[in-house]
Amino acid sequence: MAIGILCSGGDSCGMNPAIKSFVDYVYANNETPYFIYEGFEGLIDNKIKKAEHKDVAGILHLGGTIIKTSRSKRFFETKYRKQAFENLQQHNIDKLIVLGGDGSFKGLHVFAQEFPINFIGIPTTIDNDIYGTEYTLGVDTALNVIKDALDDIRDTSSSFKRAFVVETMGRDSGYLTAISAITSGAEICIIPEVAYDLKSIKTRLNKELEHGREYILAMVSEGTKKTEQIAKFLEKSIDIETRVIVLGHIQRGGNPTVFERRMAHSFIINAVDKLLTSSAIQNICVYTKNEFKFMDTTSVVSQPKQLNKELIKQIEFMTK
Amino acid sequence: MAIGILCSGGDSCGMNPAIKSFVDYVYANNETPYFIYEGFEGLIDNKIKKAEHKDVAGILHLGGTIIKTSRSKRFFETKYRKQAFENLQQHNIDKLIVLGGDGSFKGLHVFAQEFPINFIGIPTTIDNDIYGTEYTLGVDTALNVIKDALDDIRDTSSSFKRAFVVETMGRDSGYLTAISAITSGAEICIIPEVAYDLKSIKTRLNKELEHGREYILAMVSEGTKKTEQIAKFLEKSIDIETRVIVLGHIQRGGNPTVFERRMAHSFIINAVDKLLTSSAIQNICVYTKNEFKFMDTTSVVSQPKQLNKELIKQIEFMTK
Amino acid sequence: MAIGILCSGGDSCGMNPAIKSFVDYVYANNETPYFIYEGFEGLIDNKIKKAEHKDVAGILHLGGTIIKTSRSKRFFETKYRKQAFENLQQHNIDKLIVLGGDGSFKGLHVFAQEFPINFIGIPTTIDNDIYGTEYTLGVDTALNVIKDALDDIRDTSSSFKRAFVVETMGRDSGYLTAISAITSGAEICIIPEVAYDLKSIKTRLNKELEHGREYILAMVSEGTKKTEQIAKFLEKSIDIETRVIVLGHIQRGGNPTVFERRMAHSFIINAVDKLLTSSAIQNICVYTKNEFKFMDTTSVVSQPKQLNKELIKQIEFMTK
Amino acid sequence: MAIGILCSGGDSCGMNPAIKSFVDYVYANNETPYFIYEGFEGLIDNKIKKAEHKDVAGILHLGGTIIKTSRSKRFFETKYRKQAFENLQQHNIDKLIVLGGDGSFKGLHVFAQEFPINFIGIPTTIDNDIYGTEYTLGVDTALNVIKDALDDIRDTSSSFKRAFVVETMGRDSGYLTAISAITSGAEICIIPEVAYDLKSIKTRLNKELEHGREYILAMVSEGTKKTEQIAKFLEKSIDIETRVIVLGHIQRGGNPTVFERRMAHSFIINAVDKLLTSSAIQNICVYTKNEFKFMDTTSVVSQPKQLNKELIKQIEFMTK
């Protein structure tokens, strides 16, 4: 019986290194790896192909995913899941590795309760918002892409007295924004998890501007929808020329960092080992306290990930 | 008598390398270099300081300008220009190098007709829109910053069937957009100088999508204000998921390229040599056919720069 | 009483972000931060200065250390350590943070047994070879600098049938080499900790070359002194054109990564908190299982760091 | 009749962008493009394939050459050239574009005098040492790769009082070294074309070290074989800790710059236009004074390229 891999949901920069490790490691275990293209959509449409070493040569440094991803509505319907299962049967695939997020894991869970399929989900999203794991594939690369942009912006900031409001991705989680704010020395950090107080921010910034500050960097999480509000606040209340930069999809690209590649490699090794040595396994592989473990899918998808309290403490001075 | 340097208008990545060459080269000629901070604003407010070697150590790789720039309204008024001249007199400065664009050169021209000041303007803007010169400082770095972003975007594009509309800077000139479109293999290029035909673009793209195309890159020049229109066209008429990315101020930052640093160095050497060997010189230093020459300020500021016809020819297939 | 910081031994890319966090965090705690320039040499020569916020503005993205480092022979002598202590007394400094490695910690330990000085050592070396901690400042940036070089080399490798032997830093530890080999998909990995077998490597590579392999990447750890041997082996026994690249000091430079900046920040916060709340503390701050802890200096410096067994297992296929 | 393209000699970063433009532009002219793999070696062995659009998708950002290159000894023999011609005839190819250097052009010239073949050579080498052209493909990318390494080295230089001797490529030409020295602010520049005087260098550096200089960067051209001599001079006569870095093959890799991609595009357009509209054409396409022209192969290969006098003047202060 063979092992298949698919990507589901938003793409992230850890996907290609994981796909390469998957092919190499499955062959090293004398098993047969399969690609399922375009996520659950491709699973339904039988876009399944035996993977070869040459498919994954030279992909380590590429962002995105060579086997494509999708968001599938059809997979919510029983008849399409049945079709998906028949496609797997046809290729003798009874084990799946899925790179994706909460939504994908939920679908997978339903699927594996209906049909005899073993799977391991590997948390893959640049938002780092999945319960039970300290890391999700794509985060370190996204953070470094943001850092490069902030370094470029800081250069130009020395030219004018000016404020920049930079919006980073993150629907419900302020993780990317918070880490970026800390590691790039921002003055303001606005994320969904922490309240902010413009009045005290104003007092603080005015004091610093009096003492010679000539540059203000405000990081705002997309999920707060406060980017424009903060920009107006800086223009009006602080009276400083302000530019807004929405980083957008640049954050999903970029050459995977070493940490990313290594985490991708370790997630895959742990997931493949588990699949090959267990029966009736339907888990999510998580990384916590420097170890890889396996959690019930239900536990993972039913609880919201909380921002680390230490991290919240570290950004609080940027919210008031 | 001493030589001063100032930056005026929008910042660009060629400014710091030029400032470093200025200090080193003026001292090598046994003359005294002066910094005028914050452009004409600082000139009016007497923010003038003798430059030292140590001020420019380690600035070659920084974007922006360490002596800051400004857009001055006061310099349009005679009384402030008089004040500016008195400040220069006070420091024994009778020669100026100005890094800026058309607007700055115009102000400078008026100033030099009223007071005995020699100056050379060095065209400095990422837009490459100044008449008489094939290059303006900042362009090569901006182009490579855009390229890096486009390479990141292309990575993620392999993950989904998707279109990206990327807006680059350029108020009246499509230069940055056109070169980026050519060198990154875009499918659509919308600039102020060239008409486009959505109907024929639709026919072309539909044909390519039928033949397997899975990614569309549309480059749009800020000055056309057509970014949203093109995005809607792709979503509605081409029926492909579309993301808009406005690159914004990232384009003004970044480590100056080798070409940038070299042009900055050569512009400065030519300008300083000219100032030291001429009297009553009020010119713009321009680069054309691989040579540095000097043009009347009036000729430079009174004529619009046209996009090279060869370049227009090279992008035409992306407009229809 | 005030807190001083100094760098000792080889420089690494985590030093500047740590120095910035130190200044900001000590002031946030209403204490006074001091810089001790040029390591123990500067401590002996009284190169001590109160640190200001403006000293650390804009240093986050710089490799190296703005307060310089040194390897001090004089600090081994009692009379110079006495002089060092008197200098600290003169500035009212009774707490020290030292960024360095084993050698520096040993000297510090002797010093603190002679004089009433509290200190926390923060492990800082690109070699990741300090006992008791999973991370030492500088490692992540060095790994990404190596990765960038390997990605460039891989590009050119597609042009010829060719082998590259790339030597990375690491006197006694193969950590950098091993991680680089895994995350860049090398074919050979030679490190001090693991025996290798050229005969079986030859069999393996010849088989792969027969099946179309056109590129061989061999990673060799500096400490093995086997770079030339491996190059000759590839030229002679495998009969493939081979190029040697010694990465050298490039590995100590580069813009600190986000992970680096964050670890630097967390090490500092933990170290400063500990110093401010403890008496008679003479420890090393270590990072293990995702937590920061404090260890006896003697325990840290008296035991060799072993490579993680999991890691050794992951590279074994590249040694035979 | 069809048009073929091949690479010959050392690889460079302009090759892939040129290959992409070649395929796209030949098809846009309704002609048929062919790849000849592995240079003249592949031509002799009939490794010839019709090129497709999909072969060149996503190669713009890759260094090296996807159609490989070689240095062919067999092509010096008549019987192999005859075989090469028969292979071309078999594919109906009577026009060739060759990306290479002097050696390749010489072979090509002999070939085209024996057989009815039209060709255009496009100067492609990172050394910029070909007579008659101001630019050869690969130079701008190599210069920026060197710059990135020098920027990294400079970071770490702030940590110690130290000298770096950096060796760049260039067998007979000091071009890369000279431009790098100017644009990175080196203190010493040693190239084959300019004599140097260690005695006066010593006087100059000692004076600067007295005035606080803490870092020395010496750029040395590979072709001078003086790297070790300069390192010893710095260690012994200047008495400063010195590190040698040989950049080596890293200089042939890297993501092609915008300038590179644009030059590749323009060289190809000019070469293809010429081949399609001329008969009996056996020329080299050269770039001079901002224009593309065509020169006799004999004129190009029989004369050594001289370094620009202006450039020599700009580095002279670093040689004494």
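Letters are used for the chains, namely A, B, C and D, taken in the order the chains are written, and counting of residues starts over at 1 for each.
Rule of thumb we're sticking to: a contact is a pair of C-beta atoms (placed from the backbone, for glycine too) under 8 Å apart; a residue touches a chain by one contact, two chains touch by 3 or more.
Keep in mind that this is a model prediction, so the values were computed, not measured.
Of the chain pairs listed in B-D, A-C or C-D, the one whose interface repeats that of A-B (more than half of its contact pairs identical by residue number) is C-D. Distance from the centre of chain C peaks at B, each centre being the average of the chain's Cα atoms. The two copies, chain C and chain D, are related by a rotation of 180°, based on C-alpha atoms and rounded to the nearest 5.
Remark: chain C and chain D have CA centroids separated by 36 Å (rounded to whole angstrom). Annotation: 28 Å between the Cα-based centres of chain B and chain D. Here the CA centre of chain A is 41 Å from the CA centre of chain D.
Residue positions of chain B touching 2 or more other chains, listed in rising order: 151, 154, 158.
Here, these are the chain pairs in contact: A-B, A-C, B-D, C-D. Contact residues of chain B toward chain D in the complex are 17, 20, 28, 54, 58, 60-61, 134, 140, 143-144, 146-147, 151, 154, 158, 179-180, 182-185, 212, 255, 257-259, 261-262, 265, 269, 288-291, 314, 317. Within the complex, the chain A residues that touch chain B are 7, 11, 13, 15, 62-66, 68-70, 145, 149, 151-160, 164, 243-246, 248-250, 252-255.
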